[in-house]
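Each structure below is given as structure tokens.
Below, subunit A partners subunit B and then partners subunit C, in two separate complexes.
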Partner chain A sequence: MASKAQRVPLGLRLTTSLFIIVWLILAAFPFFWTLWGSFKVELDFFSIADWTNALFGPRTQETYGSPFTGAGYYGAWVQEDFWRAAINTFIVCFFVVCTSLTIGTLGGYALSRSGFRYTFWLLIIALIFRAMPPITLVAGYMLPFFEWNVWGILPTTIIVLVAINQPFTLWMLHSFFQNIPKELDESAKVDGCTQFQAFRHVIVPVMWPGVITTGLFSFLLAYNDFAVTSMLLSESNRTMIPEIAAFLGTTYTEGNVMFAVAAVVSATAPLFILVMFFQRQIVSGLTAGAVKG
Partner chain B sequence: MKHRTFFWFFLPTGLAMLLFIAAPIVSVVIQSLFTPHEAVFRTVESCTPFTCVQETIIDQEATRALREEAPLGRFAGLDIYFDRGHLAVNEVALIWRASNTWAEFFNRLGNLPFYRAMAFTLTYTFTVTPLLIVLGLMIALAVNSLHRHLKGLVIFFSLLPMIVTPLIGSLILFWMIDSRGIIGSAIQWMANDPGLSLKASTGLTWIMLIVYGVWHSAPFAFVVFYAGLQTLPKDQLEAAQIDGATRWQQVRYVVIPHIMPLVTFVALIQLMDNFRVFEPIVGFNAEAHATSLSWIIFNDLGGETRQLSAAAATSVMTIIGVAILLSPVLVRTWRDFKGKH
Partner chain C sequence: MAEIVLSGVSKRWGSFVGVDKFDLTIPDREFLVLLGPSGCGKTTTMRMIAGLEDPTEGDILIDGKVVNNLEPKDRDVAMVFQSYALYPNMNVYENIRFPLKVRGADPATHKDKVMRASAMVELDDFLDRKPAELSGGQRQRVALARAIVREPNVFLMDEPLSNLDAKLRVSTRAQIKNLSHELAVTTIYVTHDQIEAMTLADRVVVMEKGVVQQVGSPTEIYNYPANTFVAGFIGNPAMNLLDGMISGGVFTAAKTEITGLQAPDGPVTLGFRAEDAEVTDQGGQITAPIYTLELLGDATMVSVRIGGVLVSAKADKSFRAEIDDMVSIRIPHDHCHLFDATTGLRIGDKPG
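Take a look at the complex of A and B:
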């Protein structure tokens, strides 16, 4: 029960509400504005005459007979083959998440169950690797990849992204496994299981919450990456984010900015859905490192 | 766990990190000490019936052979680090001698690419980080006082700026602040200056990038602080209330000390992350006014002429910068570890 002392005075409550509303507008309005504008023609979305044009779309009405048009989407997805980039993104994300979770789970589990001093140093090294900006590593990949003729293809990029992902995955899963009581797999080992069998039959069934949270962040890393994918993929293998960056170069000159706007909205949609369904996991993942450390 | 078992469990992830993080770092360091071969020139005499002319042409075959033989290029030592594109030692010395005041010195220093990038990177890192912590804390306090049905919704929308790809987020804002976009025209209207363009001035571009940086990272601080507020000791707050502490005093003397470790955590993480600022510069198309170390690397690597050595040298210097920012984190982790054992 809220006592009298805890009751919030009206003035303060108003200020807080106002502040929250302002923040919500700042955080969400740009996305809705762009979503709305992506169904307009360029002269409406970027209107010199009157900003309300972007809301009601008089020029879109003039051109297409309706205030909404899918022309930007048609241009991006069909004319400019954005679907290819979407498929590439899907392939990259899928394999990055699967591979990095598989090897990360094994490594994270081992780190949490081995009491030796070197586990600490391995974690420290992982922390240092986590801090490296990925772009600084790219100069090191270029020469060998050209020499071996593996530059530009998806598998190379997937392996690189998996490796860049590992330090973070290890830290997350390490702290997650530490919260699973050691007695569980110890008792399985007493019953005659090998370490791997104990892991397989005792730990795997209970590890999914942690693995899903970690997987979400692996997915975000692969999906949001720009520096590595734009440098390591050839033009025909580009994923969505470098493809959008490439659009910008060409569309400003051709006057097809709306293609890029439509592509941007298309690439944001999966993230929206992801946050909607996995909000709890994302929040817990973000705080996992912080509250403990 | 036995050493042997540990080894097999750790092998795949260890190998991935060794081959694709540790090895590239070594490779980058080596690469930065070499510079590409110059083309091999050959003098030939071409004669027309009347006169003979000495011509210097590129010996394609010999050049190719040389490049095949030593793909790294020729050894240059630390030359690349000191050249005009990086630390520019000679130029700095010249400027130092030629300038009379500090202002003049820094002004001219800002024309050298490395120092220009460094100036923006450091300004960005050290303004965005404190601002986002303050904003994140304010949002966390405000959301914490909300009704619990509203909290989920507010958290959902608050997460968006952080989750969305940096390049996409900056593009969305860039289109809005375009002089024909909604924020751009609103600012023109407020400043009563129809010619005002945020993109044209260096100062405004920097402010724009900093606003973007705070917008993008504040949700992270908010989520961490919000989680910290959930573990706030109720009895301490009540004791403060009984002692007649005002609301502000409660925040100042109970809440903030409680979440201080989290503030340190967010500050350290964000210092490192903001130091690598890169996507917003591409998204905002701002390279004419603001560049960062990461952007220089990206620029050197891209395009037709892939200047691997130049990019490698900048990479090494970026890594050194990150290492400096990382050292407090390492010291902290080391202390925690010592405390546990």
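Take a look at the complex of A and C:
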């Protein structure tokens, strides 16, 4: 029912479709390549002789009697205890998200409702801290952490990650809160709420997409962090990302690279699930600032 | 029973004066309208009564009790906001019920009370909807229902009609009038629309730049404006104001001569309402060429230019003339109001 004026010319339609397809292939290819290759042996996936070996897996066939093998996963998860790293990642992410969201929502709300001028400077300082590379902070932390004997354990890492993460969550939540009209607080207060009740019963439910979005970003930061976790965690407390790096780092034994590849796929899967699960909230969270309700 | 007393209430932000020494006693069950142009401090006054703003000076008493240090929730006031401030995540039923819920009213009574409030504002068919799915008028009524549901002592309304279109405004105004009669609760209503003030109020407070200009019934402020500001603000069109000289009871200005006035000699401002004047061919007190002619349907508004100002007079609806035709405007001297030329204050307490 598109009228003539709205109809897109065929050429343009073809071009845009083509562009999207090319872009999709470019973007998705590394993931699929890795996923496919994770079921091969190293000599196939990293074959110097013929790149098609990575596709058809003759060596894998030779070794395991089938072009696909779960050996990489078995090695990573069972032999190398990758599940331990997964649990550590889960613990770190959970506490980082909880802590930074709690401080972020309370702080962001307070800053957005405060009439004082210093709130602006607080936010600017927060931005400066956010702009610094995390590694600069970590270098300074190392010595005191060794001296206090808190190096290598998860809580230390959680605190450092929260510290790195907090300015960002504060900024993001602050701008979400500013988009919520002040009358909503005031109305709730006249209706019988204390300031905190107004926050809990009225503001937070409205803010939910913003909280989810911010939480996801801070989760991703903790999940993907390498600089802090690799420097501050002992070998047995490693999270997934430094563990993968460790697999890669020991190339002198065959199979470890494949452990890394299998671990990478394992580490990516939860992210897909997470984003799919929260996509509605994320989209509404990201666009919340654009359109005033 | 809720009498509200404002004694010497002021609000300042730095050197800016929002409200200056507001003194007023609002008796129980009065419908009081705070009227003034935007930025005159009327909303600030209301917000101080609600407890959303702290007065810089002075005391606010509700029921004889100083409430300056009470939280809004402890003042037993209900407020309708200009933007309605409905809770977007709750449906209409939950919105109306919210004050009962947070105040810990007996849950068994919630449904009855919500239904009663929603029936009063004719919202029964929309209880399941979210605010985003309602029209402006319906949202407005949800805000009203949420305010009346817990039967507060004081009812505050901050320009509740200003976001509605003209037609809806008239019908909702009638509804508010009826509602306030039914509820018989002390009500403070803020507006910049003088027609709302005239139609709704028991008493009107006219404010300008944080200062109360006049307090009185709608008839009083219409018939006996206390100063030139009130005279120029109330009425549609506003009162005609002419600067001139008076000597021996005769007021003279350009193209104007009015006799029979009682005031000491000197410069004065003379005011009269368009509907009190009469347009004739000759023999009037003002004779000038027509500047503009507006057909209003029920009347024809004739304007002439006197000095720098436009002077309007209401003629019969069948009156027709061309721009630049000469007309004469007859102004009965007992419908003239005189104001001091420098202070703008009224001279004498009766017209004429």
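Everything below uses one rule, namely that the second predicted complex is superposed on the first by the 246 of 293 C-alpha atoms of A that agree within 3 Å, B and C clash if a C-alpha of one lies under 4 Å from a C-alpha of the other, contacts with A are read in each partner's own complex, and residues count from 1 in each chain.
As a working rule, contacts are C-beta pairs under 8 Å (C-beta built on N, C-alpha and C of every residue); 3 or more make two chains touch, one makes a residue touch a chain.
All of these numbers come straight from a predicted model, not from anything done at the bench.
Asker: I'd like to know which partner A:79 touches here: subunit B for first, subunit C for second, both or neither.
Answerer: neither
Asker: Between subunit B and subunit C, whom does A:187 touch in the aligned arrangement: first, second, both, or neither?
Answerer: second
Asker: Given the superposition on chain A, which partner contacts more residues in subunit A: subunit B or subunit C?
Answerer: Partner touching more subunit A residues in the overlay: B.
Asker: Regarding the shared-chain residue A:224, is it in contact with subunit B (first), subunit C (second), both, or neither?
Answerer: A:224 sits against subunit B, while subunit C stays out of touch.
Asker: For A:179 in the superposed arrangement: first (subunit B), second (subunit C), both or neither?
Answerer: The answer is neither, since A:179 touches no partner chain.
Asker: Return first, second, both or neither, reflecting whether A:283 touches subunit B, subunit C, both chains, or no partner chain.
Answerer: First partner only.
Asker: With both complexes superposed on chain A, which partner does A:66 reach: first (subunit B), second (subunit C), both or neither?
Answerer: Neither: A:66 stays clear of subunit B and subunit C.
Asker: For A:236, decide between first (touching subunit B), second (touching subunit C), both and neither.
Answerer: It touches nothing on subunit B or subunit C.
Asker: Per the definitions at the top, what is the overlap between the subunit A residues touching subunit B and those touching subunit C?
Answerer: Comparing the two interfaces on subunit A, one with subunit B and one with subunit C, the shared residues are 293.
Asker: In the complex of these two chains, what residues of subunit B are touching subunit A?
Answerer: Checking each residue of subunit B against subunit A gives 1-3, 5-6, 9-10, 12-14, 16-17, 19-28, 31, 71-72, 138-139, 141-143, 145-146, 152, 154-161, 163-168, 171-173, 175-176, 178, 180-182, 185-186, 215, 219-220, 223-224, 227-228, 231, 241-242, 247, 262, 265-266, 272, 275-276, 278-279, 282, 285, 294, 297-298, 300-302, 306, 308, 311-312, 315-316, 318-319, 322-323, 325-326, 329-330, 333-334, 336-337.
Asker: Help me check something: in the complex, which residues belonging to subunit C touch subunit A?
Answerer: Per the stated touch rule, the residues are 50-52, 71-73, 77-79, 81-83, 85, 87-89, 98-99, 102-103, 132, 146, 150, 156.
Asker: Quick check: in the complex, which residue numbers of subunit A touch subunit C?
Answerer: Going through subunit A, the ones touching subunit C are 181, 183-184, 186-194, 197, 201-202, 205-206, 208, 293.
Asker: Can you tell me which positions in subunit A touch subunit B when the two form their complex?
Answerer: 5-6, 8, 12-13, 16, 19-20, 23-24, 26-28, 30-31, 33-34, 37, 45-48, 51, 54, 102-104, 106-107, 109-111, 113-116, 120, 122, 124-129, 131-133, 135-144, 147, 159-160, 162-164, 166-167, 169-170, 195-196, 199, 220, 223-224, 226-227, 230-231, 241, 244-245, 248, 257, 260-261, 264, 267-268, 271-272, 274-276, 279, 282-283, 286-287, 289-291, 293
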